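One structure below.
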Amino acid sequence: MSATSVTSAPEDIIVSKKLGFGFWLCVTWVGLMAFIAIFASALPLKSPTANFLDSARGRPPYAPSWSHWFGTDKDARDVFSRSMYGARISLTVGFAAITAGFLIGGTLGVISGYYKGWIDRISSFGFIVLLSFPSLVLAILLTSLIDRNLLTVSMVLGLLSIAPVGRLARAATLQYADREFVLAARQIGATNRRIIIKEILPNVAIPMSSLALLGMAVAVVAEGGLAFLGFSVQKGITWGGLIQLGSDASKTLQDAPWIAFFPILMLFLTVLSLNFAGDRLRTFFDVKETTL
Amino acid sequence: MKIYGQSSRRTRRILGVTLVSLLSFAAACGGGSSSDETSAPTETEAPTDSGAPATDAPAEETPVAGGTLRVGLEADVDGLNPTASALAVAGLTMASAVFDPLFTFDVDGNAVPYLAESIEPSADFMVWTMTLRAGVVFHDGTPLTTDAVIKQFEITRNDPLVGLAVKPYYPETDAVVKIDDLTMEFHPLDASQYFPTALTAQLGYIASPTWLDALAADPTLEQAPVGTGPFQFDSRTEDSVTRFVRNDNWWGTDIIGPTYLDAIEFFPVPDPDTRTEMIQNGELDLLHTTDTNQFQTYRDDPKLTTSIDENGEEYFLMINTAKAPFDDIRVRQALALATDRQGYYDLFNAGEGIMADQMFTPDSQYFNPDVKQDGNDPAAAAALVAEYCGENPVDADGKAQCTDGKVNMEYQWSGPSVIATRIADFYNENWKASFNVTFDEQNQQMHIQEAALGVYNVVGWRQFGAENPGDDRVWLECRNIGGISLNWPRYCDEARDALIKEIANPASPDERVGLIQELVQNLHDSYAYIFMTHSSWAIVNTDKVQGNCDRKSPDGNALVCSTNGRMYFQSTWLSS
Amino acid sequence: MSQTELVRSELEPLIETIDVKTHFKTPRGIARAVDGVSITIRRGQSLGVVGESGSGKTVLSRSIMGLLPRNGVIREGSVRYQGQEISNRSDKEMQSIWGREMAMIFQDPMTSLNPVMKIGKQITESLRKNLSMSSSEAMAVAERLMHDVRIPEPARRLNQYPHELSGGMRQRVMIAIAMACGPNMLFADEPTTALDVTVQAQILELLSEQKRERNMSLLLVTHNLGVVAGYTDEIAVMYGGKVVEKAPTKTLFADTKMPYTEALLRSIPRLDQPSHSRLSTIPGRPPDIVHPPRGCHFAPRCAYVRDLCLNEEPELQQAASPDHTFACFYPVGSPEYLERRVELTRKGELVASEGSN
Amino acid sequence: MRYYVQRVALAILLLLAVSMLTFGALNILGDPLFNILGPVAGDVNNPDSIKMIALAKKEFSLDRSLPVRYFIWLSDFVRGDFGVTFSSTGQPPVSGVVSERLPRTISLVFLAQMFAVVVSIPWAIIAAARAGKISDRISTINAFFLVAMPNFAIAVILKFVFSLKLGWTPITYVADDPLRSRLFQLLLPALTIGLPVAAVYQRLLRSDLITTLQQDFILLARTKGLSKTRILFVHALRPSLFSFITVVGLNTGALIGGSIVAETVFRIPGIGSTLVESIFRNDFPVVLAIVMIVASGFVVINLLVDFAYTLIDPRVRR
């Protein structure tokens, strides 16, 4: 009934098919963070590792001040520049992880969705196996067994994102695998590889890509969790680690809450932005809600 | 009640401590889980080996029996088996309630007889004849005899770890010889006037032979110790609570005095903040800590009495001198010079305690004023490193020791521990100008293992602070270098060994002081240790805890109320 | 009631709408789904509302019943039920009318029954709510209703879920639900479109029979003139949200005025055609209700269009026979109409369009 | 029936795979010996040490091949014997550790799940009923914020506000306090992991409800003159619960993960914190047992969810 389809959900009256201001705001924030992450060392930031001790006056005040905007931590280090540098590992890992997840999981998903049969059965089972660990448990388990550097941690989180991404890709592929244009392509004797690349991928890519941001948010949070528990990149400054350092002892948290709260703020804003932007994209391409 | 701290780690890690405690003093080494290893003494008033009296109990108050004392400890132990368990401060504290030592320290720091009735050295101090107290029975009714002591000695000596600190000092056979049921002879390899101090801790805590036999069959009995002590085992849940009750037919009741407490409950609470909160909430009556960050809190709390036992261990960086690049003294020196000791003190001691230049505090009679720990001089460090790297040295396997003009090294600590990691970051900041520092965070066991096996460059460590400096020898002598070394830095110096021999057996007390100061100099010159701070123990109790400094020996000597954080309970009582 | 009363109640309108407008706010702009419709339905009388998809017929029926969402909708004009204004009533107030006074049957029995609720409950709940029956009474009534709408072994059916019933069955269930509280006014919104031809007739039979028995008024919404032909007293043809011709059924068929109605008549599907064939035979597409064309909305598709049609919008005018109105400048039978018809026949276009049905 | 059998079989297959992975990873990548022997394990030139190493290997059957060890472990595990912790005395038995601590984690996760469900359902219904109104938008934004707040951050904030500033809740967990106060001590931890999940549930259920509310059968229900509440609860809710239930099942995983964080921050000796400790102690039997238990719990819950489906949706009854 086309008439009633006009009496659409109040939702649609709110969500106009525009990305909207909020989206761009979020993208800007993430962009800013990325910029800082990349060029931190080039920016006029205090050294994030230096202990700002003064043999005469001892350590600088904990509380935020002109010289240390976010205050200083227990070790007289500048919380502001640490929060900035924190973006590095957090975002890098987040990005690398989701990229790896999409490359591996995406490929697996598309292939198994397209060829079906035993490939599908095996990979799908693999996905379920991965999914039957609570992800944080699996992450801790793996990171505890490896030498934790930027690459390995990213890979572990990437591994975790394989299953959800793979499932999505597979589902998306299944929708198209038997569509007319694919069958047509087969008729004219196009190779499977060609069909996948020319016909399937473009269709699958769009909905998937809209989930990349959401995925990255998840990865960033996961990294934070690992760092908070002490399982992330060693010797690295990461938001999760900063938060732990600021909250480990009740005394610190009580007397100098900002040590933990500024990193929390950064992390929160970043995750929020990623989520929001991702959500907007999702509704924009209107992809179904997922359990990514 | 059971209280939990996060990650209550077993103290199996504390191999060092096991051996240390054998030699009558406790030291927690290798970065504990709390910030304990970063502390240093704070009180600068007159030193008392006994520590300040825990309470100023008004004279008119007379002790009352009864009540349960709840004690917060920094950790739990694997077991309470003096022959095999790693008894760190926490373990020794619990042990001191169920076991009685053969000897114990009086307020002047002399080892006086306790379970032993007397001991007599031969003229050359090579044979010591000890007589046990008669009529002492263990909690299981077994009588205390020479055989019991000898059995325990032999079991201990053959323990792969604990034995390490015993083996080198006794002959293979006839180390201990039975004379009669209460008399025996010790035959140490070296003469020492101070031999009895070796019997004041783990080696001196005598367990029931019946129980030791049973242990062989069922190791789980480790959890239920049987000794002669004023308290006997009641129940124990690992990492949660250990409960002892008064031993009503304790041998000492008539000789020494009554035991007042009905029971003691020990709660391992690794997190110092939690321990503090608990005593403030009245969930604990007594605790010990080395976390200087807490000291002020305690002083500010009127309901709490704090006594600081500042004759604690020293915290220092320990260097493996047997392994490149630190087999070269210039590199060790450079590391010392690169280290910002002042900065460390400012950051990690919360304005408490004092920096250490050597193993003695300035107010110790053995303090050597000429020995200053070098540090805070990056330039000099850079120069030495440049010189060393100029020779582009390689290790045994031909691996280069320098990369782009910096020495490659590994700093190892035991984790996970926020504070330990902070310290690692701090050192890295100090050293990175002249060293390429790799971090090696190990879990506790691995940390100790690598230290013991000498597969490390530099580690943070806590040690020394012996009641009797002669007893620090086990860390220093060449004979303690081996597959597993107690001479962790694997630094062998015949001259030093000779010196130690002399210290054990000086012609006169004053000469001894001189010799020990010489040893201090020798230690400094070896650059095997970079001394950072003197740690100190705070014993904190609520105002209802009384009398824990009223301990006496059977012969009536006043005894210390704590030894490096290790507490005693025989004379303690609770005012209502 | 006495003869005269009966007559009066027969004559007095049960439902009366005056210039009802229902507009929707959409991202594209204001959609004039219903744009000034006035109709009256007397007790026991049945009105067929006919038009293509998008003509606004469904929205009209829902506007009358007040079922449309509050926000994003602009409603104007007046709706009277038994003389009282109901267009301004809140959902809460309408609850007393819904079910016992007015009921509605929807197009698709597949989606219109709650998939996770037993048939019995779906029928009885309105009985219990509106007539405050006990569950046992309600069940008895429900069973009778099921029987009335000719559902075999009703007792068993009551305990089944919709997915266990055939499409026709479900439509009958929906009728039973609608009938439950004996409403005076029944809205049937394309009640047969989703069903196959054989069942269609049965359902319509059932509807008119129930109408007769209960002396209900019926508003039958459909796109298929063929359907309403046999079952309604009066027909209103809607186009682009407006009523373009309204007349008693016989008159409409006998004396069609509006070329659009004529086109509809031509396109009545035959039994041999699939039931859901839409009015594909009228060239062009329904008007854009957001940006309607100037002049007569039908003009762009009208074979007899002239300049006037494109510039001015025709008002509803009275036809020769009473209560027959239509909105067209050059109605069927007018000289201009005939003239154009001759041209078309010559060109052969008309033949084509005729040949298609 | 066949369906149930299939699902159970799959679940078992899954757990086998999971156990193999975990067991393999732990045994290949870690060396348990030194947990048992301490330094002796590395003292490979000393005959005594070598003897002890051999003994220990035998006792903990570390001298067997990996598959053999796996089957030994598995057969014990299914019998409820989770092996012994790697320590010189081989004490305490893992099953002891687990059985002491598992209940705390379960009650924590359960509390959190209860909280999340109990809060999210009415929240979602109200929001859906007012969809598009200001109140709904605000609640949507709140949900969004909560979702974006990592649980460890929430933990820190809650601890700061309620334990430290207001002092309402204790920061220590007292294991043999009366149940009531123990539950009270579990409050913040439960909130920590429950809040974000509640938000996730609310967002999902809300959008599903809104979709349902546009269904014809809701319109029909309205034409019956039913009250708005009845329509929401009786007609709209149940058909909207399908994906909700799945997500509730899936999120149990998130909750278990969260419990690791919560137990660490609020010092609750559950299996979450124990897992972390044991990993740092290289105490593989404990790690293995905990991972297996957690995974099993997770798999079983999702199995139950599948079955719950068949209960609330008559159409998928088999």
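The chains carry the letters A, B, C and D, assigned in the order they are written, with residues numbered from 1 in each.
In this text, contacts are C-beta pairs under 8 Å (C-beta built on N, C-alpha and C of every residue); 3 or more make two chains touch, one makes a residue touch a chain.
Every value quoted in this text rests on a predicted model; they were computed, and no experiment measured them.
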| item | value |
| --- | --- |
| Interface with the most contact pairs, given as the two chains involved | A-D |
| Maximum centroid distance from chain A, chain identifier (CA atoms) | C |
| Closest chain to global C-alpha mean, per-chain Cα centroids | D |
| Intercentroid distance (Cα basis), chain C paired with chain A, Å | 53 |
| Distance from the mean Cα position of chain D to that of chain A, given in whole angstrom | 22 |
| Approximate Å spacing (C-alpha centroids) for the pair chain B, chain C | 95 |
| Intercentroid distance (Cα basis), chain B paired with chain A, Å | 48 |
| Contacts with two or more other chains, residues of chain D listed in rising order | 132, 171, 264, 276, 280 |
| Of all residues in chain B, the ones touching two or more other chains | 271, 274, 277, 415-416 |
| Sequence positions of chain C contacting 2 or more other chains | 71-72, 107 |
| Complex contacts: residues of chain B adjacent to chain D | 1-10, 12, 15, 78-79, 84, 160-161, 219-220, 222-223, 238-240, 271, 274, 277-278, 281, 283, 415-416, 443-446, 448-450, 452-453, 455, 482-484 |
| Partner chain A, residues of chain B touching it in the complex | 35, 271-274, 277, 293, 297, 340, 342-343, 346-347, 415-416, 418, 421-422, 425-426, 428-429, 439, 441 |
| Touching residues on chain D, where the partner in the complex is chain B | 34-35, 37-46, 48-49, 52, 87-92, 170-177, 264, 267-269, 273, 276-277, 280-282 |
| Interface residues, chain A side, partner chain B - complex | 49-51, 53, 55, 58-59, 74-76, 230, 234-235, 244-245, 248-251 |
| Contact set on chain D toward chain C in their complex | 132-133, 215-217, 219-228, 230, 234-235, 238-239, 312-315 |
